[in-house]
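Two complexes follow with chain A in common, the first pairing it with chain B and the second with chain C.
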Partner chain A sequence: MKQLWDYLKVSCKIELENQLIFRSNFFVSILFVIIRVVMLLALWSALYQGKTQVEGISLATMKCYTIVSIVFELFIACKVENSITEKVKDGSISMMLTRPASYPVTLFIEHLAGTFQAVVVWVVPYLLVIFLCGFAKGAQLYLGPWFWLSAAGAYLLMFFYQFFFGMIAFWTQEINGFLQARDAVMLVFSGSMVPLWFFPGRLFSIAQYLPFQAMYSTPLSIMIGKIAGADIRTALLVQAGWILGFGFLAQFCWRKSRRRMIVNGG
Partner chain B sequence: MSTDSILSVEHLTKKFTIVAGRKGLAGAIRNLFNPVKREITAVNDITFSVKEGEIVGFLGPNGAGKSTTIKMLTGILTPTSGSASVNGLIPYQQPRKNARNIGVVFGQRSRLWWNLPVQDSFEYTKALYQIPENVFRENLRYFSDDFGVDEILTKPVRTLSLGQKMRAEIAMAMLHNPRILYLDEPTIGLDVVGKNELHQLIQRINADRGVTIVLVTHDVLDIERLCRRVMIIDKGSLIWHGEIEDLKRAKGVEKHYHVLYENPCTPIELPFLKVAQADGQRHHYICTEDVPLDDILPRILETGRVVDFTVTDPPLDQVMRRIYTE
Partner chain C sequence: MGAKIAYYWNLYWHVLSMQLRSRMSFRLNFFVMLVGVFLREAATLALMVVLVQKFDGLAGWRTWEIAFLYSFVTLTFRNFSSFVGGIGTIPALVRTGEMDVYLLTPSDPLFLINCRNTMIWRSFYNIGIFAVTLYCAYQAGIAFTPGAVCCLAVLILCGMFILFAVYLIVYAAAIRVVEVSALLKILDGVYKQYMVYPIPIYGRVAAWIFTFLLPLGLASYYPSGVLLNRVSGLTMGWGTLAIAAAACLWVAAALLLWRASIRKYNSTGT
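Up next, the complex of A and B:
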């Protein structure tokens, strides 16, 4: 336990340092995030066209959904998949396997440290901007334990999901084409850009059977009250199912991959 | 297997299944749907052992299977058959335990954080290996006092020279006091001065720390400077192992005799001696058979007054070239 704690601390420090080292990159990225927020808010205002409510959601709540979904995206953003595929491609995966810590654990620490970095570097200045501008005025939000539980679940799901796809790289060596297609599907069906309740009937049903809604839509819908009461329990159970599913798959692939590993280059 | 060996390998074999690509665009398209699989043997039935405190060299041309062998010994790859034992552990079955006993430096891959000062990478290693503060400080002092590692601690890794980077890599691999240090092509890309400094460093840590060193290289200079014992791998098989002196005697029987006489004189004639050069005072003979010096020296001395006389062994690279082409 002490090892993991020390390891997490030093990983957080290194992630943060790595991020802050190039100043211009840092400032430009923050600017980019702000532009994105302003644009999306303007877009929703235009789409509401002066109506107070659409599908039972007020404009203020909708704006809130947008802002939180961007913050949430930063919060659960995960570089694990990329980290694995890059290391498999250039062969530096071998260095990871000569460490006195298991690789999956190393990856999870990497994920936590990445989140720490994101929270410090992005989320904080970002929320500051939002509150200063008063965008969230008039929104009705639920930020109780169910929201945090579903957020934590989404975080864990994201890790196992990426860990699983990263493991595929051990088999195929190169999966970028597939991953890009998958991410395009995810952008639509996660509900992070356009909330799922705006989807026509059939698309909405498809979204329910995909894991993406459990990553974004579930916690965000709980937050703005679109999912409430008994529905919360159902949504959380579905999420838990996805976590277990991907967790099992990831672990299974990891076990298998150890045996058939090929290390590229020298 | 002798009792004082820290590392022993028996009948170690590693086979890979690879997709053998067809040539050209049409071939590439056919590969997509009907790949041709082929099994290659990267390491073929290798048996050897290494004594504690030894520096042993692993020599072979590119793609010979040296690195694959090291990857099995460090627990990265699982052998297809055969077994390996490192410090009492089976590395590919207990990779995490094994990791605490070994230090690994791959010349072509860095463990250092590229954008950050060297000390951050050291701190990271300290946490990862749970190195006690006093051990960490002591090791840092050791590498600072003798090898100038303190000068580069606060510098970002990307600003270091290749030689400084290698020194930092080796120091980092030694921070947790491993019993065995694997160095895979540590001198790759270094100039003569850099190589020399690194050779000294490796010799010193072997002498001071008693750490067993397995040196993998295709550079015969590394082997000649550092190792007494060498293992030569080619096409996956161990084709020779033993002391370097024996190797030279067994494989490179060519010896060169340079004689400088006081006055010009006629060259000597012996059946096993080739005259390479004989213009007056300077004579250069090449002996191509394993003949004791005793059979040659008297004849050289009775020809005239000798001012200078040198015997040169065949350079190891010449021996190696002969082995590979055999």
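Up next, the complex of A and C:
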């Protein structure tokens, strides 16, 4: 356990140093944060012009949803599938298998380190901009334990989900095409870009049967109060179901793919 | 001059065929990628249509007009990345010192970098995006007269060259500051996510910036607005001419800056 903890500390340090090595680049990143927030707010203000509420959501709440969805996207962002593909392509996956720690555990630690870097470099400046400039003023937000639970669930689900897709690389070596196709579906049905309640009836129903809503829409809807009361428990149970499902699937594919592994030149 | 053009033309196709062969070594991925990228763009467009319809338009623009603006921006960006997007590797070449190799060859380094890394195979799905753009133009009420078709073709080309100029300026800066990934992220993000809406919604200052300082509006809002007759004071013909002139100026400025930066290039020394 201590070794894993040490590995996590070293990974966090490396991730942070990699990000901060070019300082000017880091400050331009902060500028991007401000530009993105300002432009999104302008967009929603233009859309809400002459309207106080749409689908029961006020402009202030919608602005908050949009900004928090960006922060959330940064928080649960995962590079696991790329990391697996690169290692499969260059053969370094064989080295990972000879390590004393299991590869999925190592990957999860690296994922945690990536999140630590994202929180320090991106999430904190974002939140500072949001609160210092008063962008969240007037929004009714719920930031209680259910929200944090669903956020943690979304984080875990994203890891298992990406780990599962990363396994495809053992069969095809290159998975960019699959990722593009998958991201297209995810973009629509996750609710990260356009909240699901703005969808027409049938599309909304389809979204309920897919795992993507459990990644973004569930925690964000709990936060702005669109999911409340007994519905929170149902939403969390559905999310837990997806986590377990993808957890088992990822484990199963990992076992299968290890037997398929071919290392170039090895 | 003729011999030089023939030399570059042959070189371009030679390098391109090599690149296509390398792509085809992952055949399944290649075809899934083509479908995937088209699906992604179609999904984003569909989402935008849903959103704008829910709000009964945006800043006076109707749903299909916004859809046309979106598809125009997407087509311009995809054309840019298909035909001249190879220059996107410049920052990496500068960082690794590989730029030295290109500067030592007898051919033009910019041309070589572009065709070595260009992704012309992406133009397969540009065909689909072009079809969607035409459909959105039809739905938005653009009459397909010979003049309008010519203007559309010229404006798509102008958009591509304006993007080329803007990105080349950033890549030229990479020669001095080495790391420009955050700046590129801003460019990509602002163009693909925010130029798909009419720029006046961002306020006067932003509209001025996107017209004169960072001319992304000239590759998105203005060409679409000119075709839809949404830019006051600019007819389709004059608007197209003005945008074409601006594109020429920006490309000339970017090439001058690129040459000046190349003269100041210091290798990484590894």
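To be clear about the criterion, the second predicted complex is superposed on the first by the 264 of 266 C-alpha atoms of A that agree within 3 Å, B and C clash if a C-alpha of one lies under 4 Å from a C-alpha of the other, contacts with A are read in each partner's own complex, and residues count from 1 in each chain.
In the analysis below, contacts are C-beta pairs under 8 Å (C-beta built on N, C-alpha and C of every residue); 3 or more make two chains touch, one makes a residue touch a chain.
These figures come from a predicted structure and were not determined experimentally.
Of the two partner chains, chain C is the only one that A:L187 touches; chain B does not reach it. When the shared chain is aligned, no partner comes close enough to touch A:R202: not chain B, not chain C.
In the superposed model, A:R99 lies in contact with chain B only, and not with chain C.
Taking chain B and chain C in turn and counting the residues of chain A each one touches, the greater count comes from C. By the touch criterion defined above, A:F26 reaches chain C but does not reach chain B. By the touch criterion defined above, A:L47 lies against chain C but remains apart from chain B after alignment on the C-alpha atoms of chain A. The residues of chain A shared by its contacts with chain B and with chain C are 21.
Those residues of chain C lying in contact with chain A across their complex are 26, 28-37, 39-40, 42-44, 46-47, 50-52, 54-55, 58-59, 177-183, 185-186, 189-190, 193-194, 197, 201-203, 206.
Looking at the complex, you find that chain A touches chain C at residues 21-22, 24-26, 28-29, 31-32, 35-36, 38-39, 42-43, 45-49, 51, 54-55, 172-185, 187-188, 193-194, 198-200, 203.
Residues of chain B that touch chain A in their complex: 16, 18, 67, 71, 74-78, 95-97, 99-100, 102, 104, 106, 108-109, 111, 113, 115-116, 120, 123-124, 126-130, 184-185.
Per the touch definition, chain A reaches chain B in the complex via residues 2-3, 6-7, 9-11, 13-14, 17-18, 21, 91-92, 94-95, 97-102, 258-259, 261-263, 265-266.
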